[in-house]
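A short worksheet on the structure shown next.
Letters A, B, C and D mark the chains in the order given here, with residues in each chain numbered from 1 onward.
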């Protein structure tokens, strides 16, 4: 009997870590899109900002031999939590900037501007090696509480940390959404003029929603960076950084945080399962191309959800205000 | 012969019921006007007849055929034309192009018909190449009617075409309507300018709150003392 | 000044609003007296709704001044005029369809602490207390317009008449000093319209609110409003008591061929 | 600098074609089509497929005049245009039309177009891999213009084709009944229906034309540089920036916007790395949104 329980558990732990991080992104998007109707097609941008900010804040400047190989403009050598906080704040600031520019305009302008920001950031980190070591990116990000448990069990500890963030964010958003604050967001989603006629400053609330969502995404980015202990510009692609999250939220249930989390786990399961399948089933000559089957899969998934089940698996509750 | 029949039509927008079961008739060759205050449901009725809104209940007949729920594209081919009250021209197209669009479904030579329309509205002929959006209010209304006439319709539905126009223009437009009617076009018009409309019409209906309040020959309606009271609550 | 010696709560001075070449509102001046129901009538395209849009701040006036309680409010946006105590309704009901009837009303009250995200996180008890007060008030408002049984229904599922009643309840929640009603009777059957008229009258007599109302249904306007202002082609044509307006040949002319011609 | 400007005009001609396509869709189908860039990619790869088939059969291998590519590619334009236009029409039928019937909010269309974009890109990755492809491995002949400007003959071809197409579209919209009807729908869809113009039919036309433009733009860009699955995605920002700069909705605006964007991107390489071109487009778009959100040719 060669069943390796430890192996399976460790596989499940790393699966759960990634799924939980994506569930956090999905909740961030849920604030923006699910409750407010703001279209952010550049989640990858906030993902990227979060990851790099935390990397630059938590790592020390390279010294000695390392300094010959690694260029890094900032290296504050601060603890993990400071890095996560910085990630959230920086991400929120960028969102505020984009929001100030586009939130008074047609809704689609936000969509195209966020794509622009995401792409520009990716190019920037790729082409400016002095800032964060260009295409090679940064490695050796500190792992929080490393050493507390034996290294082979560290993933379980990190999973606990990620789940703690997930729970905290879930509670914070739920409280916000079920409060009058969330009521205003949902009202704007339906009719901005009417919300304005009820005395709410629509622009300010939209800005808040965009920023809060982006801060959550920034936290997600930081958690991802410390999990893989490395950041590279090539991670933040439109598919891996943005689009898969749209598929998660749409599948799970737009306007429902439980749905957002469920979607994160389900779609990540599909994604990693198909990776596994491709690795083991597809002939060797086709290995480099096969992963792109997932592009088609996720793309079609979103189209089909929108056509057949726009509310997702768990839709919005009828009475959301409950405080 | 009845060219247009409306029977017990209930209609509205979304969940808002505007017409609460309305019946009326338009005889071929006549000018019939529909009067009533704002919000009476006049425009809603025209939109329902022309298939922009679907009647919730009731039937609409055109030349004896049940057309309830037919889309506008189909009604145009059957010989009905509609001039809405607002947004009734294509502003970035030229006058000439606007008229061409009126005849979109015609495959044959529309030149002669266009000349007839220009004859009816000589002012438009002088501005063929102007963008319609640059025209004055009166010219726009003429263009809107001209557009509807391009298909030589048997029945013309006009929605408050005199609104907001200077009196001499209103006179000019009603003159054209009478002229058209003499050429054999049946006209069903919605108006707020009751005196003018009644002068040019054969028959009139009064609508209020989505219900028919009175009907009769144009003369009867014009002379009816009650009607003033009904509307102005004296 | 009106008969009661009150100074006007709302003054519009030479307001103009053009759309391209169309003079929607063309130099209108008028006063709305405190604690009365002033009517605004006129044919389609007269500029009534545009005037409301300008007063409430949905549109910016091209020229002219607007005073509310002596304070200039032209240039303020829609949410700012609301915060000053001016509540408006829309020609076509604009309820928030995918929110419940109760939520539609709970949204309205100004100064909700829970609209601040920090406070929902850090002083939830205070927010909760205020929230239950607001709920109580919303339930009362629903009760008074007879919609209490529908409180948990999506607002989009209400009938036309019920939506108008919901709108009325909304104006109660706002506790404004001036309500701009844009065709409250549109899409409502005559018996519901009478109920509505009665509610509007009570708003004024019991709560001391001022009402400025665009109406088309003559029975409603002539019954409820005094004075009545008439607009035509972007300008103010005349103003007077219902009797005066009913006798005015110019008004008759723009409505129906009763007298003149 | 002058040379960069000339290169900018060449790139700008291609961008203008795409920006016109996006503008038509934005104004008649009333949506932002985020799959547009990937439709360009699709067009380029279909032409690659067809010209590869020709070369396998040894057909049409003669070079076209002074250009680097052969007749096989010239012929391949036709299936590229037809298939891409056909795909656009099918996407409309299968996806957008049902959404319109349901009365979905505008943003959903943008989201769904994003889904289509990824599906298309995935397909191209699978069929051709992530590597670069070229239409023609041969040397690219140059011509020398006064003022020391060097141009590839291919680039002259690109300009001529792009401008001829722009002229054709313009004539179609102003001289042909169907084109005028498209403008009528863009102006006032309700009135167009009243006049008997079926808006759904006009949308099919729009999708077809815009798809055809995408295919040509993609092939032209493939001739100018090389083919890779991400090419269309990287074009998306400049395309939208050009369309927004030229106030969405105006053909003339899209044309000028495309040229401005092309020139700005090329000239920027005097100071910036060429890889920053999409970022340059983004920055220009941000500036436009900041100072003239209605676009240069905006009517309001």
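Convention: a residue touches a chain if its C-beta (ideal position, glycine included) is under 8 Å from a C-beta of that chain, and two chains touch if they have at least 3 such contacts.
The structure presented is a predicted model; accordingly, all values stated were derived computationally and were not measured.
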item	value
Set of chains adjacent to subunit B and to subunit C	none
Innermost chain, taking as reference the mean of every protein Cα atom displayed	D
Pair sharing more residue contacts (C-beta pairs) when B-D is set against A-D	A-D
Euclidean distance of C-alpha centroids - subunit A vs subunit B, Å	57
Cα-centroid distance, subunit A relative to subunit C, in whole angstrom	45
Separation of mean Cα positions, subunit D and subunit A [Å, integer]	31
Residue numbers of subunit D (touch at least two other chains)	none
Contacts with two or more other chains, residues of subunit B listed in rising order	none
Touch-based graph of the chains, sorted into line, ring, star, complete or other	ring
Inter-chain touch pairs (all)	A-C, A-D, B-C, B-D
Contacting residues of subunit B [partner subunit D, same complex]	50, 52, 71-73, 76-77, 82, 84, 87-93, 97, 100-102, 104-105, 147, 151
Contact set on subunit D toward subunit B in their complex	177, 180-181, 183-184, 186-188, 190-198
Sites on subunit B touched by subunit C in the complex	12-18, 20, 35, 37-40, 85-86, 133, 136-137, 160, 163-164, 192-195, 198, 208-210, 222, 225, 227-228, 230-234
Interfacial residue positions of subunit D with respect to subunit A in the complex	32, 34, 95, 98-99, 104-108, 110-112, 114-123, 125-126, 129-130, 233-234, 236-237, 240-241, 244, 273, 275-276, 278-279, 281-283, 285-286, 289-290, 293
Subunit C-touching residues of subunit A, taken from the complex the two chains share	172, 175-176, 179-181, 183-184, 186-187, 190-191, 193-202, 208, 212, 316, 318-321, 323
